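Here subunit A shows up in two complexes: once beside subunit B, once beside subunit C.
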Partner chain A sequence: MRNLIRTELFKIFRQRKTYYAIAAVFVLEAFIMVSAYFQGREFLDVFLENLRESFEFQGNLLNGNLIIYLVLNSFWFHIPLILMIVVSGFLTTEYKDRTVEAVLLQPVSKRNYIISKYIAALVFTAFILGILIISTFLLSYLFFGQGDLVVFLEGLSFYSATEAFNRLMIAFLVGSLTMFFYAVVSITLAVLFQEATVTWIVAALFLIGTTLLLRLEFDSEWVNSLFFPKLTDSWQYVFFSEIPYRTILNKSLVLIGYTGLIAWIGIRVFQKRDIT
Partner chain B sequence: MILDARDVRKSYGSLEVLKGVSLSLSSGEICGLIGPNGAGKSTLFRILLGLVSRDAGTLEIHSGASKPLGGIIEKPALYGYLSAFENLLVFSRIQGLKQSGTDIESQLLQVGLSPNRKDPVRNFSMGMKQRLGLAIALLNEPECVILDEPFSGLDPMGIRTLQDEIRGLAKARGIGILISSHNLVELGDLCDRLYVINQGEIVREGPAREILQQAARSYIIYGTGLESSAVLAAAHVEHRTGSVLLHLGEDSIHAILRRLSTEPGVILTACVPQTNLAALFEKTPE
Partner chain C sequence: MKSTLLFILTLLSPSLLSSQEIDPILVSVKERADSIISFQASVQMEVDISFVNMPVKEAEIWFTKGAPISISSEDFVMIPKRGLDFTLNELYRYPFMTLSLGRVQLEGRDCHLVKIIPTTDASDYSIASVWIAPETLQVLKTQISTKKNGVYDIFYSYSGAQEILPAVIKVAFEVSGVKIPLRFLGRDTQIDKGKKADSAQERGAIYLRIAYSGLTRK
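Take a look at the complex of A and B:
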């Protein structure tokens, strides 16, 4: 299994599209920073005009922490979309080039092969997130400096620079679970649909559907806590004035459960299906 | 015997692709499988290689090797963005083979590929890809190799080189080889035995030359003086430049050749049987 995972990672980092994905993350980050620079100041001035008369804020509110928070918001759609396209390609490309067949003509079990794909997808996701987190913090602090963070979630919340840093780090880590979930979904969709374009369309639909269903409120708290689209926003809870750690933990555990279940479905389908 | 498949059946929905196919292969033997498009060749190969499940029948592989069967289905599937060396490295690693750089280079040389080419294999010709595919199929020393249409897309030189490599594998290394092709001449030259498959059934099997001979209904005869031959004038022939196409009537080819060889002014240089595909794919009467 270790050999398979090593080989999967070797293949991933020998493909041009991996570097396109990394470049896409940087471009996205750059867009957010540039647009924040040009539009953020005006927005904050209007938004906080009245509050400035009553409160005193430390430093410039259009600072690195706010930029990091804006980049973090790309976890809603942009980053998962890039991830789903690239990660599903790890398998759909192999179907297209028929290298799945070539691998399975060697003494390699279908189960180990597909598990290695899931593990490689998780490692790749962790790698992309690592790059995103490190570069976001470095570039944001470098260009925009540190300062208090203002966020609007059920009202305005203000955090000191140190607390903002801690909360942003926790949010990135909790949000990473959602990204791992989407990466696993991508591989399972690739197992089910095999063809790249179909898989991309279904992956995009899945992402859009999940984002829309997130706002759906059920009467039953039990249903709300198990309905998977509502589990993908745990990182937002980190910016409540009192962090609801218990809720975040529960949601994260259920999301990990869903991730495992979706991977299991993909593994079973791949094992059962003929390679034609 | 290394491979023994008995009464293998496979259906896709209501379409019965294989209707009880039996086939066997011994070490060092080259066996051909021939049939029209859609006859079930690739499905049978995929079942033998474990890529597709069978609905019924038995498959016995008598081998103690960790990789009893190697194979290529249709065109070789390679990682186009990797070099030949890296492809071999990847396929070695996934099956836990610890190979040094020198080992891999010697495997490339064995199939006639230069270890110095570092560019991605997507730049390779079909012949080079086929040879690399063969090197991958031979990793881990399988006792049997299954090659589906290995000559497709190759030029005559490429076909000859690959044929020589296949012969070498069978004779020198004792590997059993099961091979399919549309080209009767290629299979006739190469194979010890031949299976003919049509509509999911083995319709003929036996020594390759015998099977092809049985289905030959015409012959191209090469030589000089053929235009003025009285023997050929009495037969059903079409004259071509430097040759005639002879359609067999009541006389056997042996009788006609015997008479031609004694006819004054006629010098024979070659006689090539032209297999009638309809006759070849026709089911042998029980």
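Take a look at the complex of A and C:
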């Protein structure tokens, strides 16, 4: 099993698309930083316009912590999209090149093979997130400096630089669970659809659907706490003035459950299906 | 608008002459405040607005007579546009007349109430009311109706009867609720300037707790 995982990781880091994914992360960061540089003050002015009637402001809100928060908001759509496209390719490419058949002609069990795909996808996701987190913090603080963070969640919340750093770190860690969920979903979609383009389209639709369904409010708290699209936003709760750790923990545990379930479905389907 | 107000005040006033003289108690308060040459202070600022969650902020302030107050902080701070004028110099900046309303009660305390009415359009307020403790000559409250930014109610508390400068100031003001729903800055959001413009006014406040150092007087 360990050898299979090692082989999968070797393949991943030999593929050009892995480096496209890394490049995409940097392009996304650069885009956010350049937009913030040119438009950030305008957005902040709109934000604080009403308060400006009663207050004068001293200090810089367009700082590294705000930029990191903006990058973190790419967890809504951009980062999952990059991950789903690249990760699903780990399997669809092998279907296309028929290397799945070649591998399974060796003394390798189907179960171990597909599990190693899932594990490699999780390791790759962690790697991309690691690069994203480290580069975002370094570049944001380097170009925009430290300062208080302002966020709009049921009002305006201001956090000191230290508090902001801690909350952003927790948010990235909690948000990573959502990214792992999407990575696992994309492998399962690849198992189900096999063909790269179809898998990408379904993955994108899945992501769009999840984002839209997130806004649905059910009367039942029980449904709200179990409906999977509503579990993908736990990282946003870190920016409530009082962090609802219990809610975040519950949502995260259920999301981990869903991640395991979706992986199990993928493994079962892959095991049952003939490789032709 | 201002001329109508002056007309009404004139009718209501018991004596036209007395309404146009500067209230003697206010003159005493001003003279007392004018004796301050400079001071330095540490200020803790606590914002109390329903839609703003901000930790208590700290700033340093410096005052030198004849110069605007300067404020410095390592953090982002929201400085109220009114309330930091400890000596009320902003109210005396342009020519004004006063109307003494005599003794009134303010939170169970006997006060002398004076209305300050600017006599020039250059002033940024239309009328200000000042509640003064006559025995100590301490300003307990001011209510300033500004021309652009609504009405400010400013409450002053002192650490002792002899203190000229307040230890705690509460600045209450009108503020419009923020409804900016920015998708990329938060959850469930989109820019909607129209909604923001229509948002209802509410009262907010900021509390300033001040610790003075280096107060110099004439």
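As a convention for this text, the second predicted complex is superposed on the first by the 266 of 276 C-alpha atoms of A that agree within 3 Å, B and C clash if a C-alpha of one lies under 4 Å from a C-alpha of the other, contacts with A are read in each partner's own complex, and residues count from 1 in each chain.
Here, a contact is a pair of C-beta atoms (placed from the backbone, for glycine too) under 8 Å apart; a residue touches a chain by one contact, two chains touch by 3 or more.
From a predicted model like this one, the values you see are computed outputs, not experimental measurements.
K.L.:
Should A:L105 be classified as contacting the first partner (subunit B), the second (subunit C), both, or neither?
P.N.:
first
K.L.:
Please indicate which partner A:F77 is in contact with in the superposed arrangement: first for subunit B, second for subunit C, both, or neither.
P.N.:
In the superposition, A:F77 contacts neither subunit B nor subunit C.
K.L.:
Go through the superposed model and pick first if A:F26 touches only subunit B, second if only subunit C, both, or neither.
P.N.:
So A:F26 meets neither subunit B nor subunit C here.
K.L.:
Touch check for A:N3: first (subunit B), second (subunit C), both, or neither?
P.N.:
first
K.L.:
Now for A:D233: first (subunit B), second (subunit C), both, or neither, which partner does it touch?
P.N.:
Only subunit C is touched by A:D233; subunit B is not.
K.L.:
Based on the superposed arrangement, let me know which partner A:E163 touches: subunit B (first), subunit C (second), both, or neither?
P.N.:
second
K.L.:
Of the two partner chains, subunit B (first) and subunit C (second), which one does A:F152 touch, if any: first, second, both, or neither?
P.N.:
Touch status of A:F152: second partner only.
K.L.:
Looking at subunit A, which partner touches more of its residues: subunit C or subunit B?
P.N.:
C
K.L.:
Give me the intersection of subunit A's contacts with subunit B and its contacts with subunit C, in residue numbers.
P.N.:
Correct list for subunit A: none, the interfaces share no residue.
K.L.:
Under the definition above, what is the set of subunit B residues touching subunit A in their complex?
P.N.:
Contacts found on subunit B: 46, 49-53, 66-67, 69-82, 86, 90-91, 93-96, 133, 136-137, 139-140.
K.L.:
Give the list of subunit C residues in touch with subunit A in this complex.
P.N.:
The contact residues of subunit C facing subunit A are 49-55, 59, 71-73, 75-81, 148-150, 173-178, 180-182, 184-189, 191, 193, 196, 199, 204, 206.
K.L.:
Residues of subunit A touching subunit C in their complex?
P.N.:
43, 46-51, 53-61, 69-70, 73, 147-148, 150-161, 163, 215, 233, 236, 241
K.L.:
Subunit B touches which residues of subunit A in the complex?
P.N.:
Answer in residue numbers: 3-4, 6-7, 10-11, 14-16, 97-99, 101-108, 113, 274-276.
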